[in-house]
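Both of the next two complexes hold chain A, though its partner changes from chain B to chain C.
What follows is the complex of A and B.
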């Protein structure tokens, strides 16, 4: 086992272990009823934002393309999830919430993936700033389209209408234009959210450490060099982009089905930027960093509630300070030294294990 | 029999008075949830301030009930409102005054329906707020009621028969009112001669206003918030087009738009339950206190929330809510009490039915010399 490989393995194991440990602790708190309502209510959104951040990190950190339309994929997932769940309940009387949730999440992922391919084909031929602007426009187009989308269900069938509400009179509305997806039965659970986070981590960590992942990173580091080595740049960029879109769609379905209603205004450009902030704070190409920063920045505004009127101001100040400190070499080295003994512990163990193998 | 009842009532009253004198006051914990930051902060702050005035009055009067007001910010966001709601309950809230805006209120109310928590919203006006939920009640009219009340008002006061409608088709509030207005207008024999739409991003209304002018509309109905309305008034004045502009409660606040020539709003009519310049004694006192404490003139949202606190107090009194009661326990008692009480507030005399919608008379005001004046 080479040194680089071992380092990567430890990094991946630590990532999984931290997420699993957090899940076990929180589940115990829920079981013992020592968890506050606020924290309990935040669990599913945190899972959704972690998936959003990790998947965007795949595009920005590993494939090196600045995508500003990630919330667009999330909204596709949220709407698809809400429609599937509502339809299954109305048409097939499917009462099992977990099964409905799983099907809705799968559907959300697939539809977002299809859009990912459609958008990816023209967009990924562009580079840098152009790509950023086009993805931004895509997010806005999606938002404006769902704003005039009407979906209802009657007699087991789905009815769609655009621009005006020309649906049969007896339909049960699922998506009602600007009113968004309505009357959703909230079925998302923390356990499903946790499983989805684990799936995301496994997919992303395995992808970036695979042959394809190295190709993706090669296209980021030097496009021309990668191309001259026979790496198909568009293919690998597409792979990262569509995987991220599928994951964002799944996160969207989880997020949408956690609430009784979803509105287009939740998925504006601002929301895409929000996810971008998670990624930048956690570090480009750092998956564990994305997990931690998404959690931290979702919980932070709630912790700051006691500041009342000054809450958002304090939030912004904390964000600036965190950005400065995590980029300060001195603080990084102090932090690195503090973590070193723990790292050494791991290294020692791994050495003895690999020694045994030899 | 009547005498006996009267006697019993008198006895009961004396006992309550005695009890009130003897006992410690009951402290109710009410949480106000509304957007105090972000794009809709104007409304959230108005309801919060209005509620604070009512709480100050009640606590100063020193009756049987004292109120502790908890305030939580929902950022006008359906995700954050759930956090705000949970934080309010963690802080010990027994009932909720909120949320100020429709979509967040719909989301939080649905959660409250599952958890059994009582909601009274001062100003969330869409039907979805109260639909399928027995725990949510409104102080304001629902959007459809505003639309049909406007059509009814226009027809009954014979303001004109040719009407143009300009509305925001990306906004729930705007489309909701427009739908029922059109329906009721057809019923009342009013003719809609032009119907034009815009979205949140629209800043140029030349086309919409031009179409209304071409169609020869005598009345232009504007179911929208005041920012686009101010642009429409400006465009119409540039085109020298002078119909009657008729707005709904979102138009409230148009006179305080920065850089807006208020003379353009002369003669604009709007459906509103509250006018700060009213001669009514209670309104005067409310406005004075509000101006003193917050240094601004209250808008209708503030009056709705002020009434909201008194409604919650009346319902709590009727239901016999105690300080120790959990929100789940208080919820069903409050729901039952709401159907029995009648509250005379700043925004009219109100009663409620099972749906949670309020019953009160629609009132329209006209802008004359830069102030709102009630018709009739």
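What follows is the complex of A and C.
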């Protein structure tokens, strides 16, 4: 095994191990009831934001396109998930919450993926700043569309209406315009969230280290050179964009089915920027970094609740300080030296294991 | 000049019906590249005009000319970065009209760039693997699910990449980030990457730029070696005349977008039009 490959393998294993360890510890805390209520309530959102950050990292970090409409895909997933779950319950009397959740997540991913293709076709013809602005616009379009969407279910049928609310009178409302998706039965669980995070990590990490993933990175580093090598730039940009949209849709369904209502204002431009902050803080192309920063920045506002009115101010200051310190070469090198012995230990162990195999 | 000629094969050059000469051994083969009255205008400025060139199947050809003569523009026309405003490009007898850069690459044209364009953030091996992109096949899901086909194809790709890096003795650098390589190594990596696409015609844009005489000498050997081993045609743009005269069989001189001379190295060196293009016209008084 070459040096670069071993380094990558260790990086991937550490990422998986960290997520699995966190899951086991938190599950034990839930079992022992030592977990605070506010943290317990955050577990599913943390999973959703990790998926959002990792999937956006695929677009920004690996494909090199600045997408500012990622929350739009999340809202599509959230709404689709709420509709599917409500419909399955009303029309088929499907009581099993886990099955409903899984179907809702799959549906959210598929619908978001379809929108990813539709949006990707015009958007990915643009480059750089133009692409960023157009994705931003698409995110807003999606939010405004769901703002006037009415969906109801009656006799096992789904009824859709736009703007003028002409649904039959006897329907059970699932999506009620600006009021959002209403009367959702919260069925998301931490375990399903954890599984979804693992799926996301496997998809992104394996994709990046495959033929398609290398092509995606090549189009980021040099478009003309990639084309000259016979790599179809549009195809691979699209692949990254749609994969990210599907994952965001799944995260949206998970997130939406965690509460009793989903409103369009939850998925504004600000939310896209939030995810962008996770990605940039964690490091472009750094999946483990995205996982850590999404977790940290989701928990931080809750921890800062005691600052009351100054909460967002403190949040912003912490953010600035973290950005400065993680990008300071001196601090990085000190940190690097601090973890070097641990790394060395790990490497020594790894070598003996691979030696044993040979 | 005797030792400098050692990399040049002493083949007889034969005239072709279309204004060009090719090595005798390639006469009965379809020329790997043929351009007919190729030209491009940028807002009224004819950057390249009436460019006719035929390159034999295994020829090493040179394209020279003063700065701004339009040499790189010719490369961009051949690789479809630009769409020509007049004329045609034929690769192995196939017209490139309306093709994209990717399609041209699949027909067998590979190139290096004057201002190096590596995939900076990827390793040396990954750069070569991108060159091999179209020689392995498995879809996205095979890659994500790590099916047996993934491991088989990846193994093949790795071995092939190492084999190609061996041409320039670069296997030891395989894990380095390509952007951090020294300049000369970056130029060599670009050639390896281009070779990885399994081209019929290799276009080298100033391969010796920034190299010292020793490295240039080595490069010259390697260019000849590559041709012999892969049996492909090579067209190179170069300002280093020792390299051009040393390795190129047919040479084409460009000035102000027009071909001013074509011939063997000896003919070009003696051509008054070429001397004038490079050194300027003699004043009447001196004549």
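As a convention for this text, the second predicted complex is superposed on the first by the 355 of 358 C-alpha atoms of A that agree within 3 Å, B and C clash if a C-alpha of one lies under 4 Å from a C-alpha of the other, contacts with A are read in each partner's own complex, and residues count from 1 in each chain.
What we mean here is this: contacts are C-beta pairs under 8 Å (C-beta built on N, C-alpha and C of every residue); 3 or more make two chains touch, one makes a residue touch a chain.
This one's a predicted model, so the numbers in the text were calculated from it and none came from an experiment.
**Student:** Now for A:231: first (chain B), second (chain C), both, or neither, which partner does it touch?
**Tutor:** second
**Student:** According to the stated criteria, A:99 is in contact with first (chain B), second (chain C), both, or neither; which is it?
**Tutor:** neither
**Student:** Using the touch definition from the top, say if A:331 reaches chain B (first), chain C (second), both or neither.
**Tutor:** neither
**Student:** What is the contact status of A:20 with respect to chain B (first) and chain C (second): first, second, both, or neither?
**Tutor:** Neither partner.
**Student:** By the touch definition at the top of the document, which applies to A:121: first (chain B), second (chain C), both, or neither?
**Tutor:** neither
**Student:** Going by the contact rule set out at the top, does A:261 touch chain B (first), chain C (second), both, or neither?
**Tutor:** first
**Student:** Quick check on my understanding: which residues of chain A belong to both its chain B contact set and its chain C contact set?
**Tutor:** Chain A residues touching both partners: none found.
**Student:** Please give the residue numbers of chain B that touch chain A in the complex, ascending.
**Tutor:** 36-38, 71-73, 77-80, 82-83, 85-87, 89-90, 103, 106-107, 110-111, 114, 126, 128, 132, 169-172, 175, 199
**Student:** Which of the residues in chain A end up touching chain B in this complex?
**Tutor:** The contact residues of chain A facing chain B are 36-38, 40-42, 45, 144, 147-148, 177-180, 182-183, 186, 255, 259-266, 301-302, 305, 308-309, 311-312.
**Student:** Which bits of chain C are touching chain A when the two form their complex?
**Tutor:** 79, 81, 100-102, 105-106, 110-111, 113, 117-123, 125-126, 129-131, 133-134, 136, 138-140, 142-146, 150, 153-154, 157, 174-175, 193-194, 196-197
**Student:** Provide the residue numbers of chain A that touch chain C in the complex, in ascending order.
**Tutor:** Checking each residue of chain A against chain C gives 2-4, 202-203, 206-207, 209-215, 217-218, 220-222, 224-233, 239, 285.
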